[in-house]
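Listed after this line are the structures, all set down as structure tokens.
Look for chain A in each of the two complexes below; its partner is chain B in the first and chain C in the second.
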Partner chain A sequence: MLEALQYFSMAWVSPQLLFLTALGTFLGIYVGAIPGLSVTMAVSILISFTFAWDINNALCLMVGVYMGGVYGGSRTAILLNIPGAPSAIATALDGFPMAQKGEAGRAIGLSTVMSVVGGFIGIFILAIAAPHISEFALTFQPRDYMMLGIMGIMLVGSLSGESLTKGIFAGAFGMLVGTVGLDPLTAEERFTFGAVELWNGINPVAVMIGMFGLSEALMQLHHLDKVALKQKLDRIIPAWADVRKYLSLSTQSSVLGTIIGALPGTGGDIAALMAYDHAKRVTKNPKVPFGKGAKEGLIAPESANNAAVGGAYIPMLTLGIPGDAVTAVFIGALFIHGLNPGPLLLTERPEMFWFTVGNLTLANIFVLIFGLTGIKLFARIVECPKGILIPLIFLLSIVGAYAINNSVADIWWMLGFGVLGYFMKLYGYQVGPVILGVILSRLVDENWRRAIISERGDLGEFFGQLFSSPLSIVLFSIITLVFVSQTPLWTQLKRCFKRPPRPDDSAHPGKSKDAAA
Partner chain B sequence: MPHSQHSYTKPGETLFGFLMVVLSVFLFWQAYSIAGFESLSSPGAFPLAATALMVITACIACVQNLRLPSEVQGHFFKEILPPVVAVMIAVILLFAVVLDTLGFIPTALAFLFLTIKFLHRGGVIRTTLLSLMVLVLIYVVFRLVFKVVLPEGIVPEREILAYLSDLFNTGAQ
Partner chain C sequence: MKKALIKTLAGVTFAGLLAGTAQAQYPEKDLQGIIQWGAGGSTDTVMRSVTPHAEDILGRDVIMTNKTGGVGAIATKYVNAMKADGYTLLMGAENPQMYKVLGLADIDYGDMIPINVLARGTPIFVARNDAPFNTMKELVEYTKKHPGEIKTGSTGPGGLTSIVLAMLEAETHIDFTGVPYDGDGPALTALQGGAIDIMPAVLGAAIEHIKAGRMKVIGLVDTQSSPLLPDTAPITEEIPGFNKYLPWGPFFGVFVKKDTPAEAVEKLTAAYHEAAQNPDFKDLMDKRGFTIMNISGDEAAKFLDSYRSVSSWIVYDAGFAKHSPEEFGIKRPE
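Take a look at the complex of A and B:
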């Protein structure tokens, strides 16, 4: 125990490690916030920088960037409606409406505190329950992963926008984009049209920058003459009453976020969306409706995505399986430094486990410090005239797309998806499901095939197995429920189950109205 | 969240919906050509399912759209694709075309100057200064901090950077 504490506090007592964690967190916040820069990109570039460094120094910097970056994505989601990362998609749904009402400072303050709360809960669960949760994740069958992916897309499709039909179309289109290139299992060409350049597929970052960065900037051109909304940022530190009021929701979302983050392949994005959905279900009477600036809709995804960081470390450190894209890069870094993440890491190198836990905690504290300071400077970006801001976003999107592979081809993809996203948004299609579809395509595809191969291609057997596993039944029921709840069938069902009015109610219409209210 | 379709047809919406149906059918055919209906675990099975879903939902969206009142409100080149949007798309297209030949610095500077002048409508000196400031910021973040290799083109960037670092090294000694 004493040893664990000693390892835990390694980064806390060394000025060099302390500085590197602080620097990483600070940079991470800005990397996460600037459209076109992604945490995955920054961490992968950092690996090349820190190749020759001592592993502790390298990890401090990268852990800081990761923690700061996940939080930073929320800032642009709130201020510009451009999620800096997929995990901030749900944050934009209510964060941006809050900023439009002039409550940007409040939204940022609250999201910072709740992110930190989520971060701490995630780390706590990582430290306490890592072995148990990884054991649970091991029981997941390929069909469960597949259903989890579909569930994520269905959720984002049903969350915003005009119709679930268009949401499903967007999700299916995204999954299709994700299949472009050589099939990972058989190396067969899919949608390459004979072009070798397409063998590696379309880079999801190019799609993301196009659909979120470029299309949003093009949309903003419609409102060039509108005076930029003065962001009220005088009160950033949230009221204690607010924190106390939403602490319960934040805790629930954080636990949910950690569990989702701990499932291999699912990260902060699904965690945030599921937490948003959870908030919608448990909040019976929100002060402000969801999608119009409800604080609950901001708190839940923000707590969950930062909690998912701790969660994502669980399968990474105990199983050697990445929890999300960034942890996949982290695994690469650990290998480079001679460590072998997997079931033996905890027993062979306990110091690395506790050092990482301590480092994550420290980075989370720095998120709180940097998150509640320096926001005014950041917000000035949105106060600057759109005539200057939009060209800047365009240029960042172009350079960001180019930086993926140092190739102009990615700019073409970014432009193509940007223009398509622009028209989709105008005609009521959502772009969120497209991105999620692209990211989850491989997970769903591979696991579907694994599941069906293990049943020797028999669909009846597949469903037989599905309905014999409690976990699969739960996941399948959620998907069905999400789908049915968005169709006219649901309204009819609700009408059927409603208690028929008593005969005396009709005699006193006013009374029954009051009772309903 | 209760969903409601917008209550009128936007200009070009019917055409867009129809194009989505055509695109979905084309992609479905492409997915079919990967492995046909060979087996449920073939490389083409998942793309077939995704494109089939696209065809179905695109058709439903198209029919839903046709059910809306037939009169179109607004004008396509005013509400959907105003000149400013079309011009910006064209400028970005041009940026991608000349980036490799001219290099990042001149292309980005010209892009910033033209777009800021066009959108912000400030004076020439102010626009030039603003463009330079933004360019320096982006250059420092991407080229120097993140070491992103940007196309050099006509500016001998590496030589200039080497010369500058030499100058600093000499000064330090």
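Take a look at the complex of A and C:
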């Protein structure tokens, strides 16, 4: 125990390690905030950069970048409606409307505190339950991943806005976009029309920057003469009462985020989207409706995506299996520095576990410090005259799209999807479902096929398998329940039950009206 | 190592002085290294651990970028589209040698200059711990009794798993269900969760899991036993038919475009040759179960040719090639 504490505090007591963690977190926040620059890219560049360093120094810097980067994505999502990374997409849904109402400062303050809460919960679960969670994560079969994907797709219901039909259309279009490229399973070309440039598919980040950032900037051209709202800059650090009020939602989202982060096939982006859906389902009467600046819609994804960091470390540290793309790079870094990341790491180098936990905790504290400073300055960005702000968004979108892969083609994709997004918005289609489709299409596509191939194409066997493990049964029941609760059948059933009137009828989460479908 | 470095640097400077000021020396600017596979993968790890040593010798930075997709074809085509000036390096694995027969691209390493084929991996067969077989023979017997029941992970046509499985099927005529994954990492994870039963993988990717007892090794696809797996007999003892394919294995190499100036090729070859002898790099390769090759020039070209001919004909005979190797003048291995 004492030893664990000693390793845990290693980075805390060494000024050098402390400084490197702080520097990493600071850099990470800005790398994360710039759309197109991903944490994965930053960490892999750091591998070459820190090649000759002592491993502890290198790890401190990289852990800082990781933690800061996941948080940083929320900045531009709130201020400019350009999510810095896919894991901040859900943040933009309610964060940006808050900024437009003059509450950018509050939104950033709240998202910072809740990110840190989420981060701590993720780290806590990593520290106390890592071996159990990683064994649990391994039990997910292709069919379970497929069902997770379907649960995610049901979010279309929450993101459709005025018309569910248009939402479904947009979601289906997104899934179609997601299938472009070489088939990940067989390397056959799909919708590439013979162009090698399309083999890699259409980058979801380019779609995201275009649909969110650029199309929003184009929309704003309609109200050029509207004076930007004065931002309210008092009470940026959320009141304790507020934090306490949302702590329960934040904790639920964080636990969800940690588990999704720990699954080797899913990361922070899916965690945040599912947490958003969860928030929408459990919040009966939000003060402000979702999509218009609900605090709950900001808190849930921000807690979840930072909790997913701790989650992603769970299989990495215990089994040597990456929980997401960034931890995959960390595994490479450990190899290069002469360690053997794998199931034996915990026994061969027990100090690595507590050192990492200590490091993550420290980086999380730095997120709080750096996150809460300078908010006033950032919030003012939204106050900029449109003549400056809109070109700025254009510039940031173009640079961001190029940075994804240093490829000019991505800029064209971004512009194309930006213009498309603009027209979609004009005609009442939401862009959220498109991104959702792009992100989830691969998860569903691959795992559905894996599941059915495993049963040699036998549908009967496949459905039988859905009832072969408790996990599959639970996931299948959730999907069925959510789905059925949106059909007329359910309303009729409900009416039957309602005859003897029961006031607390709506207390059951599955029955809530605003459940997604 | 420091000494060697200083010597080399001194040598380079001296040579530079001798050459005078008539012409700028290669490399006069930083180089680009295009990695075929994603961050954190085997190719990425190997390249990022050897290249810093080469940078020391070249005296310039090699800026490495991952350009993934199309089983490495995107990166290969990208480098081939650049100027042949020796400033863009292709850092890749074995996959391009199959591009022609699989119809993925009309170029392969035969159309490039090998700077260094750094190392070769050994394929092995692993199985989930509670699988009812412990050796290749038992696997073959079991599968013959239960055709189609054994699920094996695969990683797309032309990948290591597909080729090793094609060898096995050609020698034993057994029937598997192949479940595709995006790489050996995810497939080995699925193996531990019981989603698949067996998986051919490169030794380095599985060794830590084997040591920890999370999966068992049932076959070593080589002609000699490995010091990392002293208890596993080479597959040629159980299935002698494998002798005609082996030694065969995935490899990692650094390449430049054809018609790159000889001076650049020589300098790069010398730099990578020395970098691959670095003890840190050797240690890393040993731990991951890779055999250091460190070959260049004709020796490398011969190895690449032999790899291409064995693999191309296996996939062609197994029926998943789009073109016959003959179309490209690839000879059948003797």
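Operating definition for what follows: the second predicted complex is superposed on the first by the 440 of 517 C-alpha atoms of A that agree within 3 Å, B and C clash if a C-alpha of one lies under 4 Å from a C-alpha of the other, contacts with A are read in each partner's own complex, and residues count from 1 in each chain.
In the analysis below, a residue touches a chain if its C-beta (ideal position, glycine included) is under 8 Å from a C-beta of that chain, and two chains touch if they have at least 3 such contacts.
Fair warning: this is a prediction, and the values are worked out from it, not measured in the lab.
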Touched partner set for A:Leu493, first chain B, second chain C, both or neither: neither
Partner chain in contact with A:Ala239 - chain B first, chain C second, else both or neither: neither
Chain A residues touched by each partner, larger count belonging to chain B or chain C: B
Which of chain B and chain C A:Ile473 touches, first, second, both or neither: neither
First (chain B), second (chain C), both or neither touched by A:His222: first
Which superposed partner A:Val282 touches (first chain B, second chain C, both, neither): neither
Touched partner set for A:Gly291, first chain B, second chain C, both or neither: first
Touched partner set for A:Asn406, first chain B, second chain C, both or neither: both
Touched partner set for A:Pro385, first chain B, second chain C, both or neither: first
Contacts of A:Phe140 with chain B and chain C, given as first, second, both or neither: second
Footprint overlap on chain A, comparing chain B with chain C: 41, 48, 185-186, 406, 449, 453
Chain B partner contacts - residues on chain A that touch it in the complex: 34, 37, 41-42, 45, 48-49, 158-166, 168-169, 172-173, 175-176, 179, 183, 185-186, 188-191, 214, 218, 221-222, 224, 280, 290-291, 385-388, 390-392, 394-396, 398-399, 402-403, 406, 408, 411-412, 415, 419, 422-423, 426-428, 441, 444-445, 448-449, 452-453, 457, 459, 486
In the complex with chain A, residue positions of chain B that touch it: 1, 3-6, 10, 12-13, 16-17, 20, 24, 27, 30-31, 34-35, 39-41, 43-47, 50-51, 53-54, 57-58, 60-61, 64, 80, 82, 84-85, 88-89, 92-93, 95-96, 99-100, 104, 108, 111-112, 115-116, 119-122, 130, 134, 138, 141-142, 146-150
Of chain A, residues touching chain C in the complex: 40-41, 43-44, 47-48, 51-52, 138-142, 181-182, 184-187, 196, 199-201, 264-265, 319-322, 325, 328-332, 335-336, 338, 340-344, 405-406, 446, 449-450, 453-454, 456
Residue ranges of chain C in contact with chain A within the complex: 38-41, 44-45, 48-49, 51-52, 64-71, 73-74, 77, 102, 104-105, 148, 151, 156-158, 177-182, 185-186, 189-190, 192-196, 207-209, 211-212, 214, 280, 283-284, 287-288
